[in-house]
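Below are two complexes that have chain A in common, paired first with chain B and then with chain C.
After this line comes the complex of A and B, so read on.
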């Protein structure tokens, strides 16, 4: 049975719409909408949560993430340079570090740092902010170091040769020419890393905290118990999206502006058929 | 007037098994313009890159301004500030505008303050006719403008000698002239220049000495009128024939 291109396209698209409609109808008929609404959309609970959900919880999420990201980046730069060093032990140390922390669940690292550091270094004052900065930083740095290494290697050799020809030392060349250009290249993946860290900051939940230290997830969970409602979960979720969706758009914008690699086109997924 | 700026003796360079330079001798004196011509792959770029140690020679000596560069203890960064290098692919710093391209090394290496570095940069941009592109990013410039900015960047370090590696080969034909005219002007001002080029007309007019290289050796060298106008070696003749009559390449 030979279909023309146009007929085949119409058939495939029609089938996809049909499936969509069936799923939506089944979902709408089987779910108990009254109970869903009671659980997730209780306006008085939403009102109760303000303004603390913003001024405390969202703010703390941003602070934890920002501190972790900054610390992670500060670790990632030497790690990436070590990975590319001509001194073999540096390469090994960096390689082992990256494989080690990329291979562990973020939660485990947070538990280890949050509870381990006070034991390992008695007298070390580790408040929640510092603990999360270090823990999230370590988790993020393992990924960022690899990204940065790739970025450094993507800087054209001619840029380095030009700098060296002007008498700039390897160190000055790295600082003033290579790293800035590497960062420009890796800005999109770095933004994605920031999104991942934003979500990972929710693991702060497992370190225990005072009210003023609550971030979004913990805030939501406490409110969930308090009001016996799932509405706080929805509110916390919306707050995360307020952070992550703009970042996601920023990442895509940077990627487009940088003329970076294209992600596979829709056709290649076989789901979309061009008219 | 016969102060030696570049003195190369017995220079050899291999990449693995491949012998790219097989004993090069070359002297460039102050104010001299030396053009290097030769077929692709003959080692011209490698020779030039040995003169500022972008490639490390295997043996032989490269003395620039009295400094033996092939000495592991030589202060190579200091020596390089006196040697301007212009690449085929321009290599302007992609993340900086034209002005910062010209001031970066002045400030970080020569330790000039910002005002002085900018003054030098603006003077050199004027020299290459790019005064109005001070704030442009490299990506916004044509190839010819990028190359002129790259020349101005090298000049901003006040070099004793300028190296050019096929500076017009990556350019659209209509942009070649503006770069050659800047180089011609430099030569007139007395700049010492070592130029790898396929522009035979330029070599004829500007070069004091022309070097024909093939397979890692200097086959023939002398005044342009001789090497280009009346070559003695068979290899030089056939190369020039191919370059000067590209359309009739199969006749010979």
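After this line comes the complex of A and C, so read on.
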């Protein structure tokens, strides 16, 4: 190649810009903008959707997700500890649970809980919030248990040794020394899990809901039928981003902060007890 | 030096998605072109979205109009559309998709299918987004409840839960007429019926044809009342698809006059039609 390295880099960069421009131009020319506008941006439909899209739909999405996340985390802690247990059957049970529910689509778990429980126990009336809390919790717990296990293992061994040499029992060490530090390590991935659960909560629509129980996706789809327009889908999408984008920023911020901390407490010494 | 190597790697990584996108876009363009030229099927100038196939959008399950049995989608609507497919000399292919996309015309406009046969009532609102064939079936809304539950009409449901299906005429009817009733909105008929069966809701509203079919097997339940909504089912095509619409209308009329319609009706409902 006659080109110098710098020239080649410039050429490659130029090609990338060119491709970007071509793709944008092709898209702009081939798309039917009037139709897109009619389908997705009808201001009167947007106006009609307020305030319910926030006070009912967005709120319910947050509630379902929050309940599922809380329940999932509560399940994940014992699961992670079981996974690391010295008692073999505990490890097996936890392992099977994690592999099973991590391998199933969230929709199937939601349908199984929502429809399976009333079939298995005739006469049981399942509260929608409860059903989703359990279903989303199960889905989330499988991932969170694995994350938490990794977090616990990442806590420097010296921390445990130090706590034990101070006379703390293994149980106390786990609760007061290991788990708090593990949580600090896994905060960024846990935030990601919260984002995933926010989106999974959209599957709630398959359980059926009354108007006061609509979450964003179902709300958007019912409005889609009512107004015969895709605008509600767009509005619902924006509402999801209102939840998820701050969360992903939070996740990145926590990651940055956590990374900084790690350097200040090198694992090699194993004696660093900074909180 | 190290930095430079990293840069080149990144460049490659960035180019790939852009290329893929460009290729995908080019692909879309080609697809559109083919549709415009149209597939030369049968004697007419009907253009099909998928060459060699008459693609039907429907929302399963909607027994006995269309439902799955032994790996095939069968039913009243399927047999009816088969008459059109036979004439075109192609196979009917059925796409199962949520009903709200069907009735809003979104699926037809997106080229997902040639026609929609989904036990769909002809309404003014729907007519704005798609073109309907001549009516092929008469239906009304009906109420499904457990025997002995005391649910006889909408008034008796006051303060109770009524299951409705998203995007259906039953949903609209319940919204207008069921006062003080909590409407629980379900995605498809199967989920609605499960909720009624397990007692998650006190009753369900849907078209009479499918509910009568269901209570044949679930003898604990009954259709307690019908609301005389005087609905008629039509087959939907994309707005302006005259060639296909005319062909469908021709076959509906022919089937009714030749006795073929009665034959299909008896096959799925176990009795001759009272009116056509």
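As a working rule, the second predicted complex is superposed on the first by the 253 of 275 C-alpha atoms of A that agree within 3 Å, B and C clash if a C-alpha of one lies under 4 Å from a C-alpha of the other, contacts with A are read in each partner's own complex, and residues count from 1 in each chain.
Heads up, the rule we're going with is that contacts are C-beta pairs under 8 Å (C-beta built on N, C-alpha and C of every residue); 3 or more make two chains touch, one makes a residue touch a chain.
Everything numeric here is computed off the predicted structure, so don't read it as measured data.
Using the contact criterion defined above for the overlaid structures, shared-chain residue A:169 touches chain B, although it does not reach chain C. Once the two complexes are overlaid on the shared chain, A:43 sits clear of chain B and of chain C alike. Within the superposed three-chain model, A:89 lies out of touch with both chain B and chain C [touch as defined at top].
In the superposition on chain A, A:177 contacts chain B only, with no contact to chain C. Residue contacts after overlaying the shared chain place A:30 against chain C, while chain B stays out of touching range.
Of the two partner chains placed around the shared chain by superposition, chain C is the only one that A:12 touches, whereas chain B remains out of contact.
Within the superposed three-chain model, A:159 lies in touch with chain B and out of touch with chain C [touch as defined at top]. In the superposition on chain A, the chain among chain B and chain C reaching more residues of chain A is C.
In the superposition on chain A, no chain A position is in contact with chain B in one complex as well as with chain C in the other. On the chain A side of its complex with chain C, the touching residues are 5, 9, 12-13, 15-16, 19-20, 22-23, 26-27, 30, 115, 118-119, 122-123, 125-126, 205-211, 214, 218, 221-222, 224-225, 228, 230. Against chain A, the residues of chain B that register as touching in their complex are 52, 54, 77-81, 83-85, 87, 89, 91-95, 104-105, 108-110, 150, 153-154, 157.
Touching chain A in their complex are the following residues of chain C: 4, 7-8, 11, 14-15, 18-19, 21-22, 25, 28-29, 98, 100, 103-106, 125, 128-129, 161, 163, 166-167, 171, 182-187, 191-192, 194-195, 198-201. Of all residues in chain A, those touching chain B in their complex are 156, 158-159, 161-169, 172, 176-177, 180-181, 184.
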